[in-house]
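You will see subunit A twice below: alongside subunit B first, and alongside subunit C after that.
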Partner chain A sequence: MKIKLNKNDIDSALIQQIERMSGETIKRCYQCGNCSGGCPVSYAMDIPPTQVMRYLQLGMVEELMEANSMWVCVGCLQCFSRCPQSVSVANTLEGLRQLVLRKGVDHDRIEDIPLPMLKSAPQQAIVCGFRKFVS
Partner chain B sequence: MPRIGVFVCQCGNNIESTVDTQKVADETKKLPGVVHTESYKFMCSSPGQESFKKAIKENKLDGIVVSACSPHMHEKTFRRAAEAAGLNPFQCEIANIREQCSWVHHDPTKKVGTAKTMDLTRMTIQRLKKNRDLTKITIPVTKRALVIGGGIAGIQAALDIADGGHEVVIVEKEPSIGGNMARLSETFPTMDCSQCILTPKMVEAELHDKISLYTYSEVEKVDGYIGNFSVTIKKKAKFVDESTCTGCGECWEKCPFKADSEFELGLSKRKVIYTPFPQAVPNIPVIDKTRCPKILKDKCGLCAKVCGPQSIDFTQEDQLVTEEFGAIVVATGYDLMPKSKFGEYGYGKITDVISGMQFERLASASGPTGGAIKRPSDGTEPKNIVFIQCAGSRDEKRGVSYCSKICCMYTAKHTMLYRHKVHDGQAYVFYMDIRSGGKRYEEFVRGAIEHDGAMYLRGRVSRVYEKDGKIIVQGADTLSGSQVEIEADMVVLATALVSRDSATTVAQTLGIGYDKDKFYNEYHPKLKPVETVTAGVFLAGTCVGPMDIPESVSQGSAVASKTLALFSSDKMAREPITADVNTQTCNACWDCLNACPYVAIDKTEVKDRKGNVVKMLATVNAGLCQGCGVCVCACRSKAIDLNGYTDEQVYAAIATF
Partner chain C sequence: MKIPYYPGCTLNTVAKDFDTSAKESARAVGFEMEDLEQWNCCGASFPLTPDNIMGLSAPAKVLSGAKKAGDTLTTLCSVCYNVLKRTNKVMQDDKTRRKSVNEFMEDDYDGSLKIVHYLEVLRDDIGFAKLKETVTKPLEGIKAGAYYGCMLLRPFDDIGIDNAEAPTIMEDMLKALGATPVEFPDKIECCGAHLAMNNKEVVTRLSGNVIDSAVREGAEIIVTTCPLCQYNLESVQESVGATAAGVPIVYFTQLLGLALGQDIEQLGFDANGGAAKKYLKRKGLL
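Up next, the complex of A and B:
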């Protein structure tokens, strides 16, 4: 991968919007890797939590939009509880999700979910699912 | 018959695990002349020393062997205890049964270790039987210190020694004291301006009645030894009479000829008659004799015409002065790795690739741009600036293997200064590791990143080249695993901090050692960090290795305390382990004189009653002699012996083995 770095990308309006929505300061991450180390679903992510923060620092939002990381995160906040710099990757990923959901793409509607699944799935999973995928 | 006592230390388990110390004690007691033996857990402990002293008195011992750790550790301890018990301290010898025996043998049956300890102890006993009483040598001390180098370390050392009440001479090769610190803009982590904190110290040194400044001078020759050095100093011709010059500046205002300023690292010009910077101490100009047309071809002489007090003297010549000193402080500082080393970074080819020190000058309020960050090529403000760390450092192949230690911090400082001066600019830093060990240093670097928005990229830069008027920097960010390309307006290299070009010459003049990077060797890197193997010569600051201002200042003060301790009495005592010449057998071949690395052998004339020279003899200057024994080996007539290590002693030890 080759990137051309410039000031506009690393401090873009999009990055500022993500910071605003998530309440996190992306620069604070110093890439220690604790979040990736503790994340229970990091193995299933295209881009693990530490790299997510690095991509954002470098202004590489597009790559993150194409990756599954934000959808795999279950919001357990392990990353936040262990982060020495008090950064929450979960919050940051929530910000990314909101960016996508507010565009109306990847939008789940409750009525589209088959009734048997709604009936059989654990309540927790449904609540989490709605929180994550419904705008 | 001698009355010898043998004390075998167990050193906890260090010795006992492979040596049966009780058996050694029992067996040794059977040897002729040995009247007392014992084994103890820690001989060096207070109770151990007490029983040691008690045994000496009770058994009326006249010689002691302590079988224990290396004499480097506790020879002093036991000799002092023996002295307290009424013995000549040099009748106490150490047999090293730890470093040279128990630690190198791993036989759990203790057979090997015990047998070897028996041998070592028996050899030391035989050697001890031939020991003579020795008394410490006292030598007079000249209470005057020489400080070589007028940077911050040298200034601090001089001020502290002078405040202690002793005369100090600072020899500085440049026209002003201040050193590299005078070039810096702000200093990390407090961001106070370098000039603001340094110049008061420079002025204090100038005005101190105990300090003399020999600027534009160099040390030519050093003779003598601790307490009694005789140093020849070359005062280079300034072509200005220091006693009458008022420093008004009329001469350098009017001088029509210019040259690149060394102080500004080529970023601006100076006149041919010049002071290196406005706050120079002393504020007296010098004439660059390699460029002055009056000196070269007897043309111009304008400075002399405008000089009110008529201080210009074109006939001045270099002057040699010889002065006496008791201690020498070496504080010669550092250089930066030359730009020719960084071809792949475009240094030397691309004008806007500069060094960290040049950036300091750009950021300095007294610098060539008055503190504005401008490109040297066209004077425009750079909007994208790339800092490359470890330029030459940690690069065994093309640079130096060590870490230059200060670059992480000053680069963080540079990004801050840049952001404060160019609000819409973006700084990028390529680094390998951020090494910010020090009080409030890590917080400082985080501040540069989080508050002042420096973009740190973890990786080395492999290439810097010009394309369409932009400088393209190609490197890596290993954190994201990507290749990175940045279009920059300016590139700053954190060039490695290296020893002075003259480091080896100065070391040879003073008789001190240096390492593979030509930094001076401490006597002990941890426990004697400012002493050298040459007694009376001390080290301070970056001539020892990379260090920052607080460390250099601490070292300056540390050498001052060492110097003041040396000056605290009129005479100083030294170990009497020195060479001695037998006047009956010396045939004056002078092989010893040629062999001696400390210049401690003198030619002495022996005269008859009428004053006629009847014989020449080699004699040893006990003040200079370090007891190395080279002359003993060189002497053809076997006329030289080393006190404490005589041939008789050594043969006795070998004979019993």
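Up next, the complex of A and C:
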């Protein structure tokens, strides 16, 4: 894939906003791949954790907004736990989720949750799910 | 010794057995868990974006209320523990966020509470040696896999209950009860957590891996500290391999209660499809 690097994209206001929201310094990541190796759900992500950081370093936010990665991340913090640079991909992905949710766009709706699950699941699953998926 | 206790929403309802077995066991080893007079849900997830002040307000409210009951607060659910402990650290270390949260709550909480998990009380205040002496029914022949998951351990700098990659606190407790702990590779892996709500495929794979990994190493029963881990592992039983299917998934306090001589009918082993009862019977413990 050929990418034309553009300073305006790399240091865009949106990238700065993502850094501000997530508290992460995107350029600290040196692409060792430990996060993707430890992530239990990287197999299910359109763009796995290491590449999430690379896309952001290149200013390619649009691709990430279309990928499922932010919605599949379970926030288990294995990525952060094993990062030699103390970068949290989980925090970064939560920043991306918040970008969507703070615009009032829901990723999930209560009527889509299967009724047997609503009846039997621990409340914490629903409360946490709503924090992660609903604006 | 009395310790203020935060039950949280799940232990107050669907995981009541976890709550009652812990309280009974506490009495047997010499401390009393006192429910906070007033509490609310912790939010069930620590906000990972530091600018999300709203997400800190619910747990901060719990902490502020708990401070009026004492200097220490204990809890059982891994998620409550994680959220309360991390929020407490923010209130302790981060002046700016502390000010914002306090202004929003119209309160003045300073983060001076000490948050301890029930397992830490057993290890650090009671001591596993003393626990061993208190055991009336040693769990001989019980091969138990201690499943930690994520929230009890990570991030290490904020939580610090044990080594985040190779914890032993639950194995040490199991040994004190006379059981045989079984090490397995997936003991600190995630169960799929809140994806139970919308991604069955991921939960089936992750929880299935945990069960398979434990059974492959010889575990005959799996012990957990988290109602969501318990639910997720239990819910994928039909999807795992034939040898792993039906392995009982219980709270650590249920085995603790059994070893301390609690009445089996009060321990709630029925909730797990009766698998635990059958297993314990087979081992001659019932």
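A few notes on this one:
Definition applied: the second predicted complex is superposed on the first by the 121 of 135 C-alpha atoms of A that agree within 3 Å, B and C clash if a C-alpha of one lies under 4 Å from a C-alpha of the other, contacts with A are read in each partner's own complex, and residues count from 1 in each chain.
We take it that a contact is a pair of C-beta atoms (placed from the backbone, for glycine too) under 8 Å apart; a residue touches a chain by one contact, two chains touch by 3 or more.
Note that this is a predicted model, so its numbers are computed, not measured.
Overlaying the two complexes via subunit A leaves subunit B and subunit C side by side, clear of any clash.
Looking at the superposed arrangement, the partner reaching more residues of subunit A, out of subunit B and subunit C, is C. Of the two partner chains, subunit C is the only one touched by A:91; subunit B is not. After overlaying the two complexes on the shared chain, residue contacts for A:7 are found with subunit B alone; subunit C is out of touch.
By the touch criterion defined above, A:20 reaches subunit C but does not reach subunit B. In the superposition on chain A, A:30 makes contact with subunit B only, not with subunit C. Once the two complexes are laid over each other on the shared chain, residue contacts for A:67 go to neither subunit B nor subunit C.
In the superposition on chain A, A:45 makes contact with neither subunit B nor subunit C. In the superposition on chain A, no contact is made by A:56 with either subunit B or subunit C. Once the two complexes are overlaid on the shared chain, A:122 sits against subunit C while remaining clear of subunit B. Shared-chain residue A:75: touches subunit C; no touch with subunit B. Of all Cα pairs linking subunit B with subunit C in the superposition, the shortest spans 21 Å. Comparing which residues of subunit A touch subunit B with which touch subunit C, the overlap is empty. Residues 1-7, 10-11, 25, 27-28, 30-31, 50-51, 54-55, 57-58, 60 of subunit A touch subunit B in their complex.
Interface residues of subunit A facing subunit C in the complex, by the touch rule stated above, are 20-23, 40-41, 44, 72, 74-78, 80-81, 88, 90-91, 94-95, 98, 108, 112-113, 117, 120-129, 131-133. On the side of subunit C, the complex with subunit A involves touching residues 8-10, 13-15, 41, 43-45, 47-52, 55, 77, 79, 149-150, 154-156, 164-165, 189-190, 192-199, 201-202, 206, 209, 227-228, 230-231.
If you check the complex, the residues on subunit B that touch subunit A are 383-384, 426, 428, 446, 449-450, 453, 455, 457-458, 477, 479-487.
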